[in-house]
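Look at the two complexes coming up: chain A is in both, with chain B in one and chain C in the other.
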Partner chain A sequence: MKKYWSFFRIRFIRGLQYRTAALSGMVTQFVWGSMEILLFRAFYQAAPENFPMTFEALSTYVWLQQAFLALYMVWFWESELFNSVATGDVAYELCRPVRLYDMWFVRGLAVRLSKAVLRCMPILVFSWFLPAPYGLTLPGDVKIWAITILSMTLGLLLIVAFNMIVYMSVFYTVSPQGIKLFVTSLAEFLSGSVIPLPFLPNHVRAIVELLPFASAQNVPFRIFAGDITGPDLTISILKQTFWLFAFVLIGRFLEKRALKRVVIQGG
Partner chain B sequence: MNSIRLYVIFFLMHLKSMMQHKVSFFMTLIGQFLISFNVFLGVYFMMTRFNQVKGFSYSEVLLCFSITLMAFTLAETVFRSLDTFETIIGNGEFDRILLRPKNSLFLVLCSKVDLTRFGRLIQAVVMLVYGICYSSIKWTPLRCILVVLMILGGVCVFGAIYLIFACLCFFTLEGLEFMNVFTDGAREYGKYPIGIYGKTVLFICTYLVPFALFQYYPFLYLTGKSDNSWYSLLPLFSVLFLIPAFLLWKFGLKHYQSTGS
Partner chain C sequence: MIQVEHMNKTFKVTRRSAGFSNAVKALFHKETDTVHALSDISFSIGDGEMVGYIGPNGAGKSSTIKILSGILTPDNGTCLINGRIPWKDRREHVKDIGVVFGQRTQLWWDVPVIDSFELLRDIYEIPRHQYLTTLEELTDLLALEEIIKTPARQLSLGQRMRCEIAASLLHTPKILFLDEPTIGLDAVSKLAVRDFIRKLNRIHKTTVLLTTHDMQDIDALADRVLLIGKGRLLLDGTLSDLKSRCEPPCATLDEIVASLYREFQI
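== the complex of A and B ==
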């Protein structure tokens, strides 16, 4: 356990070095969030009765999404890992007395967390100061805070576990381009990062909410915004847990099978 | 004339080199298409839920989206080298370009033509055709010309922004990420007519960075929401944005000191 923890720390601290990138990322996220809210405002003015959630909840969702983008962006891949499989450098990793899956998992977590830590606070504070209904609305109940943090953790683990499946699949296909592009764009939409899932038509939404990607950012942000309450809340958390276990199991299975027959060409 | 021939030669060269890796090329092409298809899905579901936004119908929004997307994609294809200008400066290629007996900006543009962006162009064309067929616009020759003008105006505005990026690289020697707000942001949010974002955004996009001049105002005239025929000339004015960008380039070039390695 200790070796994974130090590995996490190394990656985390390394991620914190990129401060200029974080600053420009922040500027982008401010603009993106503001534009997104202005856009939804236009729709709200067009037909408020068709709005599936309150405007406060939507604003909260958008700002959380911008603040924690680094945690849940599906399109973030480490090309180093893809390359290490393609070039055979992965052999060095396999020599180490650690499990490949665990090490890459920890690495994915560390990279995402370090990116998010640098960016989230200014955005959260800024959006908290915005006038209602355009800013971040904080829930009064401490319990909601706790559940949100639990759900955010589950969501983050789920996304990393998903990344792992794709990394592992490279052992089978070698060229990651195709899978990566296809899966990224599909998962992006299904996770609610293009438009929040409540805005989908009801029959589409019913199916999408059963799929694993709806268990990532969709759940914690809507819990925090007060859009998921009561029995739905428990069900959503259970779904998140289920999909997390499923993804981890699939990933580990793929890893085991791949490593059993992996051939590294000498050179 | 000579320059055009040279550009065609460069273009064919880039095309040939990309065709060496056909699978990778088509995969990237499909990927580009899928990623921007997501944006379309977002628009589609929002429009089915709300039917209209600030008086613009679904087909009108698609028409507007396609014009912005097409302008952006064409600009990105042609001006891609300016977007990654810091690498050209960083690896000393720009110093080599300066030694050649041709305009340096022209040679920089020749150094890279990114054809993978065509995946997005396909989507833009499909949406444009749909928008033209199903919107309630009465098509006259003038209006058809206006659509072309809007796209060309857009290419010029995006091109000018890329040029300004590149000029900044003369001084910073590295890329400025946050400038992407103007290009990617405009592509992302230019999917709807700019006016719907409210007065402040419209003001910025009219006087600071002239996105609205090729997109919003002419579009109002195109869809018959405004009778002001003056609006149809605005795409031509947006081209003027190239002038300060070009002057900045001249200025930057004059003060350029090589990275020295």
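== the complex of A and C ==
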């Protein structure tokens, strides 16, 4: 276990080094969040009865999304990992007494958490001070807090497991360009990071909610905002667990198969 | 103890001629050639031996090292290293071996070298006191004192290579594979690396298998030489065997090897 912790630590510490990037990221996310809320405000004023969430829930969703962007952004890739496969530097990692999947999984967690830790607090605090309904609304029930944290963890693991599938696919395709482009745009939309999923037309939404990407940020943020309650809550958490297991299994299978027929590029 | 018997490895290589129309053609039909990286390779290396593995570019040296390290799986043939099959028992096997790929790096680019070392300590689960003793010895022999606190990206190639070698030896492996460890190094660094490898072999009886294009490496380090060309093992003998093959007697080791390459048409 210690080796994974150690691996986590070195990547985490390295992630903390980039302070300017964190600061500019924070500003971007704050401006982005404000604009998104203003945009939805215009919709809301035009037809409040057609709005699928309360405005407080929407604002909370947007601010959580901006604060924890680093945890759930599907478009974030470590080019080092792609390169190490493409150039053959992965050879060194295959001479370690550790499973490649586990090592890279921990690494993925570390890099996302280190980014999020630097950025989340200022955004959360700032948005908490904003006047209702434009700010962050905190749930009173401690249970909701606990379930949100559980669901956030599942969502993060799911995204990292998904990244792993794409990293492993490079052993087969060599170039990551195609799959990156395709997956990034599709997954962003399906995970509710472009617009929250409740805003999709009902029949589209019914399908999208069954898909794995709806089990990432969509679930914890809506739980926290009070938009998922009752039996839906249990079902959502079960779906998250299911997709997490599925992604991990697929990723590990791809890894096993890839390493059996691996070609280390370059001399 | 390394035993390799009748090992074969082939790769598929895609080929096409230059030009636009050929590129379009290749979209629909890819022509692949099978390259025999290794054909019917057999040798065995005893404990504590220092063996030079030479051959022209593309002869199959690196492929052999990768198979022996458990990274690649050969098509067929057997290979036993300390009683284990490297690619079947990869995770156990790699605890016993150290590998240096001269053209790649295993150090974390933007953190001090010592951080990379500590990560390796945890990955290999090296007990604390053993790690400290080994580190002290390596620091001493490779003169790392000053440089291990520097991020890897700020080191010169020679400094970095010394750190790479140290990194591969932290877990005190019984076998060390060196794939072109002196590539690109200046005279001083080369001498330092050679000197270190000799000492390591003398003190710890580490088995060393070394690939190189620098014949002085071979002269300085190898008691025994394996010559490989086009995937076949052509010669297995001592350095003096190698020298005696050359008619008329050649002046330098480089010339001997070049004449051998000609003789075997590789």
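Note that the second predicted complex is superposed on the first by the 265 of 267 C-alpha atoms of A that agree within 3 Å, B and C clash if a C-alpha of one lies under 4 Å from a C-alpha of the other, contacts with A are read in each partner's own complex, and residues count from 1 in each chain.
Assume a contact is a pair of C-beta atoms (placed from the backbone, for glycine too) under 8 Å apart; a residue touches a chain by one contact, two chains touch by 3 or more.
Since the structure is predicted, the reported quantities are computational estimates derived from the model, not experimental observations.
K.L.:
Answer with first, second, both or neither: which of chain B and chain C does A:Tyr172 touch in the superposed model?
P.N.:
In the superposition, A:Tyr172 contacts neither chain B nor chain C.
K.L.:
Which holds for A:Trp128: it touches chain B only (first), chain C only (second), both, or neither?
P.N.:
Neither: A:Trp128 stays clear of chain B and chain C.
K.L.:
With the two structures laid over each other on chain A, which partner does A:Phe253 touch: chain B (first), chain C (second), both, or neither?
P.N.:
neither
K.L.:
Which partner does A:Ser6 contact after superposing on A: first (chain B), second (chain C), both, neither?
P.N.:
A:Ser6: touches chain C, not chain B.
K.L.:
Of the two partners chain B and chain C, which one touches more residues belonging to chain A?
P.N.:
B
K.L.:
Do chain B and chain C land on any of the same chain A residues, and which?
P.N.:
none
K.L.:
Please give the residue numbers of chain C that touch chain A in the complex, ascending.
P.N.:
For this pair, the touching residues of chain C are 11, 57-58, 62, 66, 69-73, 90-92, 94-95, 97, 99, 101, 103-106, 108, 110-111, 115-116, 118-119, 122-125.
K.L.:
Chain A touches which residues of chain B in the complex?
P.N.:
23-24, 27-28, 30-31, 34-35, 37-39, 41-42, 45-46, 48-54, 176-178, 180-181, 185, 188-189, 192, 196-198, 201
K.L.:
If we count contacts the way the header does, which residues on chain A are in touch with chain C in the complex?
P.N.:
2-3, 5-7, 10, 13-14, 17, 88-89, 91-92, 94-99, 260-264, 266-267
K.L.:
Which bits of chain A are touching chain B when the two form their complex?
P.N.:
20-21, 23-25, 27-28, 31-32, 35, 38-39, 41-43, 45-47, 50, 52, 175, 177-178, 180-182, 184-186, 188-189, 194-195, 199-201, 204
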